[in-house]
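After this come two complexes, each holding chain A, first together with chain B and then together with chain C.
Take a look at the complex of A and B:
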């Protein structure tokens, strides 16, 4: 795709842990177009963070084997970049919001310094101009009394406020691509709803591309244009949001959707997926979902289903996908 | 006359004292403030609310495992507020608690068999021969293979460990179980499995639950009644059906509006129902209605006068000035 801000082809990531190899990500290909919001969903350990951290090259290279046919952000080929050039891509081109803001914020620097830093470095703003813009951003992300907060240290803020600061930091440099890795998972639903709304309005205004990583399909229903579902390190489905919620094709997507909290559905009709996700150290010869799949047949045990493009444009990795008429 | 409720709390208040220092006067946090509550035999009462609002403290106070500052707690009609020593231990043996982190709540050195047998032994199972079948029966009731008995907690996934913790809590057939966020460490696909397990065990052993959760959508269909807490107070309580159909408190409405739904066609909640800002510090709660700093419908009276509970019929109660003095028109 020519207008893709992010394009990943055939990414695999292995970790060496103790005596074993963890195949965290296997043959993942995805792209995000300009202005598009991609939801990346899957259970914990399914490889969502490792995929996105590979894109910004934030994994420890000594213990990690990353391979890919190609990987680019806004035309920069990520795998070939030297550390210096990488620094120029992180920030102005792609910004990352982490799940835990405390590990990502510098405990010794004031909120204002941290937000201003990127703007001074990448946008060449003066100290005063950067500070004025930081103040404006804090206000925009809903921090009360920003004049007070701008001079405080991260530990003086509540969890919700820290996450807002992270968002302000990420937006300060007006990136082409924003990666939000479960930024609201640790927050209360009311605060989560406000932050989602906020990021969404800024995303639309700036027209940036965004990847929102979460384990909660419900959260993405009104946020994402397209949803990619991961299971055990692989993409199992990739579809436009509306199509995916209306008629999931992969049995795992369908199970996940049926397991999701829903305020408006009778509990007795909600059906859980049986069993648990597989051990990432074990390589399954067939489809990783087979032990939990009600549609599994003999073929699924010995052969890995390829991610194939269907007539409606969605990608599905399943020998016996659900079709509209079967649901 | 019908049987007394399993649990009845009246004016229940729990206070924590902050550390006094040279520069700070002693501060008192009312983690639970003047709560009235009854839980009937066989019922599931869910308690929902944001982090720090006092859900866990309320659960612990009902079990008498945190000091009570004011008010009283009755267990099956008997006042247990001031019990101590042997009498308190006896009352507590009818209670169980299940926690968020199944890893922390299981002893890593004990096999699953020992984990489940221990409460039976501690509570004086005299007939040792009956222990093994009881443990194996409980394992299968909890959806675990009896062959797991000789294995250890670290060999299990989070969901399986939570099953073990639940099996251990249920094996003594307690009268009352407080479940403190037992789902929040689990993935979405496992949460529903565990909720179904709670339902099955409740039916099988006629259990009564206080079920603490910050996820209103998750407990809506599962609980019989729901209590919504905000900064130490219950602001609304009622059946799940009534709270969904006719939420009376603006905070309940905000929680419902904020709950994400996997239905992209569900109506977008009106901006008026959504909240702004973070929850204030419980050490220094707002005057008047504690919710007034975030309430989309705040009126002048809310800033000075605390609203009292209004009875809305069918056991639904809510504390909001809108229910007693509607805002002036214009």
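Take a look at the complex of A and C:
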């Protein structure tokens, strides 16, 4: 684990919302190695985005409590950092690509300005040097006529181009870890594929670590080395991508796969998972997935299954997993 | 950008035309000015002569037309009550009003913008609560009450400032504070709300994710956007101050447009009332136009709309 760029142990995130407390993330441990692409999957409210936002404490500190046994990014112990030191980590160590580039880009500042400011802050570049590099980056992410675009505002660009700008912005400071938080969700399907390919090619070229947060398991198939599945704030399965797609161990992962269309079997029936995700305000005494699980037994209702490491290195939180069952 | 502003400019002219028509009509609906002006023993013939002399016998549209033509040339008519040209009366009073408006407005901005930002950043704390409550009280308190309380405190008890009047710099302090307190009560709450809204925007999170210094996030990314609604409101505040702070000017015996208007109303001096209303409207329209220009500067997206 020493070569891990990101290492999280026992992370919990609680939100205070209108008097009640929401346990958005509960006891999450994961790590991302140098050059590794981790896919983080879960449905809305599963805590996947919150987990990744807490990596450099981007959540509103007034309303959230982040606790962890240990959490470090590239050797920086995040929870111990003072605000100023944290600002130095944001960007050159961890960069983000957010979901909706229209709202994630400042509508009042030019594209060039928004790409340049990180470089000027962290690399000490002059205005002209930063602008020249911003032009290179725009070219690099495949924006036509970058000399024109660099002086434009986000609303003058198409959705796909805006996301390319976000990518250029994130790459500007050459981060060690790139966190892509559902970067294609807000885009047209045709544009999605281009963006995925672009990010993938850049990641491979630079060899940086990447976490791709998504609810789309199918998208990760050709992207991720390893996939972590979250449900109701917990990790339920963590496995190498191939192993996970071939033989999911957790019933929820299996359910997700069954509800996804597959390129190698386009005519198979897609089966939705019955039921709805649990109310995050209610603390369930047992496995959160139990009410929707066909394999659930009495034990699942009263006891939370621990995330256990199996023989093949896979981690599963289930008493009655589909593969590698030992209990 | 040019087409946006020229469109706004045309709109402003139309508004002014409308206001001039309304004041002209109201002036004619409130009775025959000849009855007001003529001596008590004037014969019907005298009155008719006066009417012809004043041009009141001509058709209404002709009268309106010449009213507009004269108004454009700066001639707003003649006050028979004060025996002076209206334009001259206004010109005499305008400097005092502009001084007071500028002082009050700048003070209001100097209070409300920093204060609004500070309590937005410290939302939910006791300071936020105190300032918000105080601002609400300031909004609810009538201007004359604030003015009188200031007079009681600073002029009567502490004896550090004059009670009222016009003269050296000391005279402007209390009326300016009175105006600024009312204005800043409104503006502080708006700055706070607007700042909070912008600070919760996704692009602020993006700015943080880039590791920008907190003050850069605040002043480069948040402040500008937050100022958009504030500029509108501040423009209205300024327009209101420039067109004469009637009550405050009266309390502090400030020789401005407000007092001119109050006196004119009590004397049924219609040409003066008309002139003041027209001038106030012109200022409103002008300041709104300036606000539109500022919009284009702050928010480049406006150009394209």
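Keep in mind that, in the parts below, the second predicted complex is superposed on the first by the 316 of 327 C-alpha atoms of A that agree within 3 Å, B and C clash if a C-alpha of one lies under 4 Å from a C-alpha of the other, contacts with A are read in each partner's own complex, and residues count from 1 in each chain.
We adopt the following convention: a contact is a pair of C-beta atoms (placed from the backbone, for glycine too) under 8 Å apart; a residue touches a chain by one contact, two chains touch by 3 or more.
Only a predicted model underlies this, so the values are computations on that prediction, with no experimental measurement involved.
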Touched partner set for A:82, first chain B, second chain C, both or neither: neither
In the superposition, chain B vs chain C on chain A residues touched: B
Touching both chain B and chain C, residues of chain A: none
Residues of chain A defined as touching chain C within the complex: 56, 58, 62, 83, 86-92, 94-96, 98, 100, 103-109, 117-118, 121-122, 153, 155-156, 166, 169, 173
Chain A-touching residues of chain C, taken from the complex the two chains share: 123-124, 201-203, 205-214, 216, 220-221, 224-225, 298-301, 304
In the complex with chain B, residue positions of chain A that touch it: 43-44, 142, 144, 158-161, 188-194, 197, 215-219, 221-222, 241-242, 245-246, 255-268, 270-274, 276-277
Residue ranges of chain B touching chain A (in the complex, touch as defined): 50-51, 157, 159-160, 187-193, 195-196, 199, 214-218, 220-222, 244, 254-264, 266, 268, 274-279
